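Working notes for the structure below.
Chain naming follows the written order as A, B, C, D and E, and within any one chain the residues start at number 1.
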Amino acid sequence: MDQTIPLLILALPLCMFLVLGLTGHKMSHKMAGILGTLGMGTALVLAYTTAFTYFFGGNFVDEAGNRLQHIVFNYDWLAFTDNLVIRLGFLLDPISAMMLVVITTISFMVHLYSLGYMHGEKGFQRYYAFLSLFSFSMLGLVVATNIFQMYIFWELVGASSYLLIGFYYTKPSAVSASKKAFIVTRFADLGFLIGILILSFYSNTFDFVTMTQAPGNVLASTGGAVFMGGSVLTWALVLIFMGGMGKSAMMPLHIWLPDAMEGPTPVSALIHAATMVVAGVFLVARMFPVYLVEEVALEIVTWVGALTALYAAIVACTQVDIKRVLAFSTISQIAFMVVSLGVARPELHEGVGYMASMFHLFTHAMFKALLFLGAGALIHAVHSNDFTSMGGLRKHMPITHITFLIGCLAIAGIYPFAGFFSKDEILVAAYSNSMMWGIWMTAVAGLTAFYMFRLYYRIFWWNNPDYSKHHHTPHDAPWTMTLPLILLATVSCVAGFIPFGELVTWNREAYEIHLNYPIAITSVVVALCAIGLATIMYRKENSLPDKVADKVKGLWTAAYHRFYFDELYLFITHKIIFNLVSRPIAWFDRQIIDGTMDKFAEVTNKASEAIKGLQSGRVQSYVLVYLLGALLVGVVTVICMVL
Amino acid sequence: MESVGSIIMYMVVVAAIIIFSVLAVTSRKILRSATYLLFTLFATAAIYFQLGYEFLGAVQIAVYAGGIVVLFVFSILLTSKPGDKSEKLTSKKKVVGLIASVAMLLVAGYALLSRCGFFAQLPAMEGVTMDRIGTELLSSSHGGMLLPFEAISVLLLACIIGGIVVARKR
Amino acid sequence: MIEEIFSNILIYFVVIPVLMLAGLALCKNIKQIRAVALVGSIALMALSVYVLVDYLQLRAAGETAQMLYTDSWQWFGPLNIHLAVGVDGISIAMLLLSAIILFTGTFASWKIDPMPKEFFLWLILLSTGVFGFFISIDLFTMFMFYEVALIPMYLLIGVWGSGKKNYSAMKLTLMLMGGSAFLMLGLIGIYYHSAPEGGQLTWNLIEISQNNAIDRDWQYFLFPMTFVGFGVLGAMFPFHTWSPDGHASAPTAVSMLHAGVLMKLGGYGCFRVAIYLMPEAANDLAWIFLILTGISVVYGAFSACVQTDLKYINAYSSVSHCGLVLFAILMLNTTAMTGAIMQMLSHGLMTALFFALIGMIYGRTHTRDIREMGGLMKIMPFLAVCYVIAGMASLGLPGLSGFVAEMTIFVGSFQHTDMFHRVFTIVACCSIVITAVYILRVVGKLLFGPVQDEHHLQLTDATWWERFSTVSLIICVAAIGCFPGFFSDLISFTFSENIFKVLGIN
Amino acid sequence: MDYSQFLGMKQEIGLLVVFLLVFFYDTFMSKKAQNGLATVTCGLFGLFTAYTLLCPSVMADATTFGGMYATSPVIATIKNILNIGVFIVLVQSVKWANSESQTMRRGEFYELLLVTLFGMYLMISARHFLLFVIGLEAASLPLAAMVAFDKNRYESREAAIKYILTAVFSSAVFMMGLSFVYGLSGSLYFNEIASAISVNGEVNVLLVLAVAFVIAGVGFKLSLVPFHLWTADVYQGAPTNVTSYLSVISKGATAFAFLVIMVQVFGAFYSQVWEWMLYALIILTITVGNLFAIRQRNMKRFLAFSSVSQAGYIMLGVIALNATGMASLMYYVLVYIFSNLAAFGVLGAIENNTGKVSMDDYNGLYKTNPRLSLAMMLAMFSLAGIPPFAGFFSKFFIFTGALEQGSIAIYMLVLIALINTIISLYYYLLVVKAMFINDNETPIATFKSHWSERLGLWISVGGILLLGIVSCAYNYILELTQSSNMFAGLL
Amino acid sequence: MEISMMYYLIPSLIMFCCGVYGFITRKNMIAILISLELMLNAVDINFVVFNRFLFPGQLDGMFFTLFAIAIAAAETALAIAIIINIFRSNKTIDVDDATKMKF
């Protein structure tokens, strides 16, 4: 395949970033926005071309019809040793091609949407520069040919996320949210890095292709080394997954994501719903063959995903900030993907979990972006994040209402919306692994439907507050904002019918999806019941929700406070890291280490003071010292000689 | 075996040395100290005579006893009023002085006594004639003292100059 | 003889500063002073770039000697002391770094007051020492230039510094000189064991390493002496305490030069003398110093977390980063050592950038307490953006220099076959998180958030010379970050077997 | 009797000729011409210095007077080094000597100074203890008179009495030690003593005590701790020019003579006896000197203690017991002469012009008298051993010399010495700090110093700057000592 | 009874120690000087005794004593000059008063 187009896909956003970043302050807002959007649009076209060529060009299948992993280019960037070389390359295979599509699509939508949403904001050019930077990093991440390249872009993604969350830098909450996001993910990245170090130490390679095509060699290279009870490969994989946990907001490293909603809403849609947060899933998927040889690691992945899914779903039921609800929903949905990967085994339905996970990633990106952009439109209209100050908006904002509803149905898994198909496959994979996971995930799916419709009803139904005290009544956004909504809603409706199994599978063999009716029906029924419950509780303003909340007061409060994870985080950072580690160390440094150095000086001065009597000014004491000194020198020497 | 006379002579001389030395440093009257010093120096000269260095004994008496002590007496008269009883010593000073001198005595005494060769008897010696002294003093070969002799003249000249400079009124 | 000396290009690294000193001495006003400083530093930069290019060409032409441009002129003949010069990739990298920082430092002290002439005199004297140190391959001359570089610090801080400058200047000078006391003993000891029994003793680094005559017992004595001696300047725990106070009190350009270049003398010396000449002891005793440097890395970072003075934060961060340099050197493999040198370059540039920015901010706000500042992004966007970039470089953002250096170190260190070393590598890795904590804490408090002090609203953004100085540094930081392969090749070529042959390891 | 042997003592004879010329000029020239005395002396001595430096026949190798007196290129060189120092002292003292208060005694000052130098020559060349004692006394007794030169100052008198009393005490102890040596060996010739006492190789208590007393006697002049207590008081009390003379010339000459005695007389007992004595004394000297120096505010006292600790470093050249050590000692003395005289030059210039000697008065000196401050700073840096000034090289070489024998004990000694350099750096920097950093509302006013003071300072500063960088001085000395066979058969 | 060398050396040593004692205890400067004379004298005796008893063939010790006497005279003269100088301006020759410079 020609290098030009893949190179351009990466280069265009980077150039946009540089152009906008360096010269942006000289441009008009409009100019900057259009430039950025055009750049992203071009990248979108190129990415579609590439993906289309890959999937349907027919050049990238072997004799058996399996898709190939194709390295378009791979430049040496930094050679550590002969084998350990960081290369910057472009790996084209089903998941990267799919991710190219997802990223460019969502990114373009957000670029477009932001033209309206961010209109007139200070730092508009900066905003577009950062968006371009993010797109560049994310694209680089998904096409990485080796794990270190991925790590590089992983870090860049984190940094651009930091910059975008902290876009409103004068707002202390935004600043602290961005800081929190960066540090928490950084902590996770530490695990990632150590994982890379361990893995590369044993396997002596960074290359994904080398590793995944012969995962047995990776296992063999460790020679059965064991560290603290676990095999080193388990350690490496779990640590790598820890990086994924950070980015993908798995419990307990999820705490940054709800706070990250301080950023502009389109950013939340792009980064914290559709693209960056699935990087963890992508990472595990990328390394999946290696994970397969060490099932303990996959078990851990499953457990983390399952717990997170349930937790996030419960919390989402209690939040009032619409973006937070969506954030927790995102966490929960990503957890679905993680579980799906965790339960996937080649022998179970030909590894359907892997496919399901990727499928859900794709569909989720679409409808979650839709939901976030919709939420953005709402916030744009009512200038508040809380649904308590909304209600009855269906009349004021019909387009938003319809698209939002589509999004909710999709996420709830109602046929024929996109979510139904992908979620169904996940449940199939879960049930096939064990009944427990199946039931667990079905329950979470039910919760999902419930909280989404709670949200939906509270926004669009519930009551009819008086909007006249606002400076304008809510109304639908300009076309730059509604167009992406409509487009995404369309995709959400039809994406389920994409024959995903033929495109993306764990071993790149085509695979036919067929609905497992018992499971599908069960899940739809559960979802409908949950929607029904939500309808009862939230369609009209009533006191039922409060009563229910009172009934399970403890649980409710705990969930409302997100099970006190933030408090725990604060406790660890402030009480332990700052007060129990840093401060004592700083004190130790000043008082003990530095004090010792000062003490040397002090002792010298003291000694000087102490012996000043020697110089008494009396000539007689001088000769006394003289004589005794001379005698002592002699006597001591004699004694030493005798001894 | 020494003659009894020389032993008695020795004893007298040594007793004089020790007693007058002690008196010289303990006497509270400074003029008396100078006098005791004079006696000590005489006794020293006596030792020199005893050992057969008559010339040295003569020099000792002439220069030391005759010159230096007179100098002392003059300066004492110059610097103190008659009947000026000197200071009363503090006991602390005494103790310190005693410690120092006793330490010196013990250490050096032990060192000397540890050397058995130092219990040597008086060997025979040919008389130290003036002729020999003169020859060796002005000889420039091995054992000759020509160079020190010349050198000390410079030293003495310098001390004279120095003494004048210091003592001169302006 | 004289002609011979001047036919060697390296000697001009010393000649130019000396000429600058002479020129400065004749200057009458601030304009002339600036002109001399600027012309001189540009000349130095041009020279180092020329040497770099020429060096690469020579290497490409198949030159395999360890050091190039070597020359040796007898100085103190009976003691076999020579003025011996020669460079390899590492020295060239260091020369380049020094030239860049001197150049930017000149701009950073554009408006130094009072006594600009004296300031530049001392500054140039300091850089004479630095350049001389990097071109020397004779232990004696090396040590001489080392001390030449140290002492001007005292007056530079004492006269032009701020805060408790007297105390800091004295402490810094005495501690560094304390280190050099150990060093001097170590160097003379090396000299007396430099040749096998009966051979001609020598101070020449290359000859000593070829003779490889220092027996193990002596290595055990001399290695710690030299390592600690240089380590003090490399801010090794527990001898780092001069660094926070010293940096806090120093004027901008001095902080830049000191943290950017002078501290590198420590790492460079540790490598060039301690490890290079005594690899066996280095191998056997590495664990002691690994513990110390490992502590430096983490401890410095933790200490930086709770500081409130910008310069203290950066000084502790330097402790952490420079600790990493020494840490990597002790790993005794090519990758880690390459990483160490890259870290030196990277830290030199970004810490200079930091200090330059801090100096500029301090020059405007007259406080360095982060609690008294805030929202500077709004007031002085240029400086603030530069600060963010510097911070990102410091916490290891890919594309900037910190990342490549740290990663090379971590990957290299982790290649060590010993479990102990690898566990310590992981400990050192933790610093990247802590670094993020303190960098973001500062950035958040200082640049973002609401404006703390009404008066700050009147302040202006950077002037042209300040912009020039910071932008050049940022370009360098980014250059290393984006094209690390170039630097890594430049450096790693020089680790040709010599150390490893002795040890019999990779 | 062979008077032609006197012709072998070219430097001594030359010096005496200068002495006599000065003496006659002082005694017989008219009152008016007297004012030129200082200049004339400087000129004469300068000629003499140049002569001994340039005349090759001075560099002869000879032992005359039956082995009592020796000269060799090394010895001629150390004398030349002293000559240079004395020349600078003479130049620096021109203004002082011409001042109102000193006109009466000007001639005597020069005469006494030249005699003491003669004494030092004898100490250096003596190979017989009687000659040595005469030299020692000639080098110290007239100094007492010189210390007392400032008649109007009380301190001068107090210093003089302290000096003469301790000096005589010390020489009594020294001679006591010599009498023991004599008793043990039966001779006062160095070589005969050495062969006599080492004949059976046995070390006895008396010998140890004798060595201790000899070290004490010479250590007095070197101001080694604990024999140094007179130093500070005398340095403070004496006129500045005398102090500078005392601190550099007297110390340098004695150091060399000490080396000769220890090597030639007691060389065989190095490791058994005096290595450890000197070891302890060096540590004490450097440390105590430093400890006292850090708390001084009077510049002269400060320099006194600094010179005490410098003496400790000089002794490292003795304990080295090899040619490198000896060369380094001589070189150290040379550099020390320039450095210390630069310091005293500034001190004297300021004292002569303003009468101020306290370090606090020096605050802010750079603002008013930048050149003097720079000279002082160079002196301090050189004393502290900062490159590229000469002091660095001398310190480095003396350590190199000491470490040549390579025992671990010597390494420890050098380490202690090196650690002490940090303390010394501290107090030297205090002076620099006072001049450059400290503020002062009433700094010493700008003044123009006398040509002689400036000339003296220029020479000293030139020496500080060039002696290290230009390697020929050290190379020359080291080659000389390496070719002398003084250390043959030792160790 | 034989009068061996030690019988001369010990008294001389005692004399020396008396001198030390006197130096340390006396207040009058001239008295101190007297003590010093005792010490020097003791040294002289030592030289002579050693010469006579151990090396009677030579005269080194005797000559040393001879010169030492001259030196002692010179010292005394100079010291007395200084003392008189002090007396003239201070009206006291108490050594305890000459302690202005210290520490």
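The rule we apply is simple: a contact is a pair of C-beta atoms (placed from the backbone, for glycine too) under 8 Å apart; a residue touches a chain by one contact, two chains touch by 3 or more.
These numbers come from a predicted model, not from an experiment.
Asker: Fewest touch steps from chain A to chain E?
Answerer: Graph distance in the chain contact network comes out at 1.
Asker: Tell me which chains count as touching both chain C and chain D.
Answerer: Neighbours common to chain C and chain D are A.
Asker: Report the chain closest to the protein's overall CA mean, measuring from each chain's own CA mean.
Answerer: C
Asker: By CA centroid distance, what chain is farthest from chain D?
Answerer: When every chain centre is compared against chain D, the largest gap points to A.
Asker: What is the chain whose Cα centroid lies farthest from the Cα centroid of chain E?
Answerer: A
Asker: Weigh A-D against A-C on C-beta contact pairs and write down the one with more.
Answerer: A-C
Asker: For chain B and chain D, what's the span in angstrom between their mean Cα positions?
Answerer: Here the centre of chain D sits 32 Å away from the centre of chain B.
Asker: With centres defined as the mean C-alpha position, give me the chain C-chain E separation in Å.
Answerer: The computed centroid separation for chain C versus chain E comes out at 64 Å.
Asker: What whole-Å value do you get for the distance between chain B and chain E if each is reduced to the mean of its CA atoms?
Answerer: 7
Asker: Measuring from the mean C-alpha position of chain D to the mean C-alpha position of chain E, what distance in angstrom results?
Answerer: Comparing mean C-alpha positions, chain E is 27 Å from chain D.
Asker: Among the residues of chain E, pick out those that touch two or more other chains and give their numbers.
Answerer: Within chain E, the residues that touch at least two other chains are 16, 19-20, 23-25, 32-33, 54, 58, 60, 63, 67, 71, 74-75, 78, 81-83, 85, 95, 98-103.
Asker: At least two partner chains per residue is the criterion; list those residues in chain B.
Answerer: Answer for chain B, listing residues that touch two or more other chains: 93, 96, 100, 104, 107-108, 111-112, 118, 143, 145, 148, 152, 155, 159, 162-164, 166.
Asker: Send over the residues of chain D in touch with two or more other chains.
Answerer: 130, 134, 137, 141, 144-145, 148, 151, 160-162, 165, 169, 173, 176, 180, 183, 205, 208-209, 232-233, 295, 426
Asker: What is the complete set of touching chain pairs?
Answerer: Between chains, contact exists in these pairs: A-B, A-C, A-D, A-E, B-D, B-E, C-D, D-E.
Asker: Quick check: in the complex, which residue numbers of chain D touch chain A?
Answerer: Of all residues in chain D, those touching chain A are 161-162, 165-166, 169-170, 173, 203, 205, 208-209, 211-213, 215-216, 220, 225-227, 229-230, 232-233, 272-273, 276-277, 280-281, 288, 291-292, 294-295, 423, 426.
Asker: Show which residues of chain C lie in contact with chain D when the two form their complex.
Answerer: 75-79, 81, 140, 143-145, 147-148, 151, 154-155, 158-159, 165-166, 169-170, 173-174, 177-178, 181-182, 184-185, 188-189, 191-192, 221
Asker: Note which residues of chain A are touching chain C in the complex, please.
Answerer: Within the complex, chain A contacts chain C at residues 76-81, 84, 86, 148, 152-153, 155-156, 159, 162, 166, 169-170, 172, 175-176, 178-179, 182-183, 186-187, 189-190, 193-194, 197-198, 200-201, 577-578, 581-583, 585-586, 589, 593-594, 596-598, 601.
Asker: Which of the residues in chain D end up touching chain C in this complex?
Answerer: My answer: residues 324, 327, 381, 386-388, 392, 396-397, 399-400, 403-404, 406, 408, 411, 414-415, 418-419, 421-422, 425-426, 429, 432-433, 436-437, 471, 474-475, 478-479, 482.
Asker: Quick one: which bits of chain B touch chain E in the complex? Just the residue numbers, please.
Answerer: Residues of chain B touching chain E: 1-2, 6-7, 10, 14, 17-18, 21-22, 24-26, 30, 33-34, 37, 40-41, 44, 47-48, 51-53, 56, 59-60, 63-64, 67-68, 71-72, 75-76, 78-80, 86-87, 89, 93-94, 96-98, 100-102, 104-105, 108-109, 112-113, 117-125, 128, 132-133, 136-137, 143, 145, 148, 152, 155-156, 159-160, 162-164, 166-167, 169.
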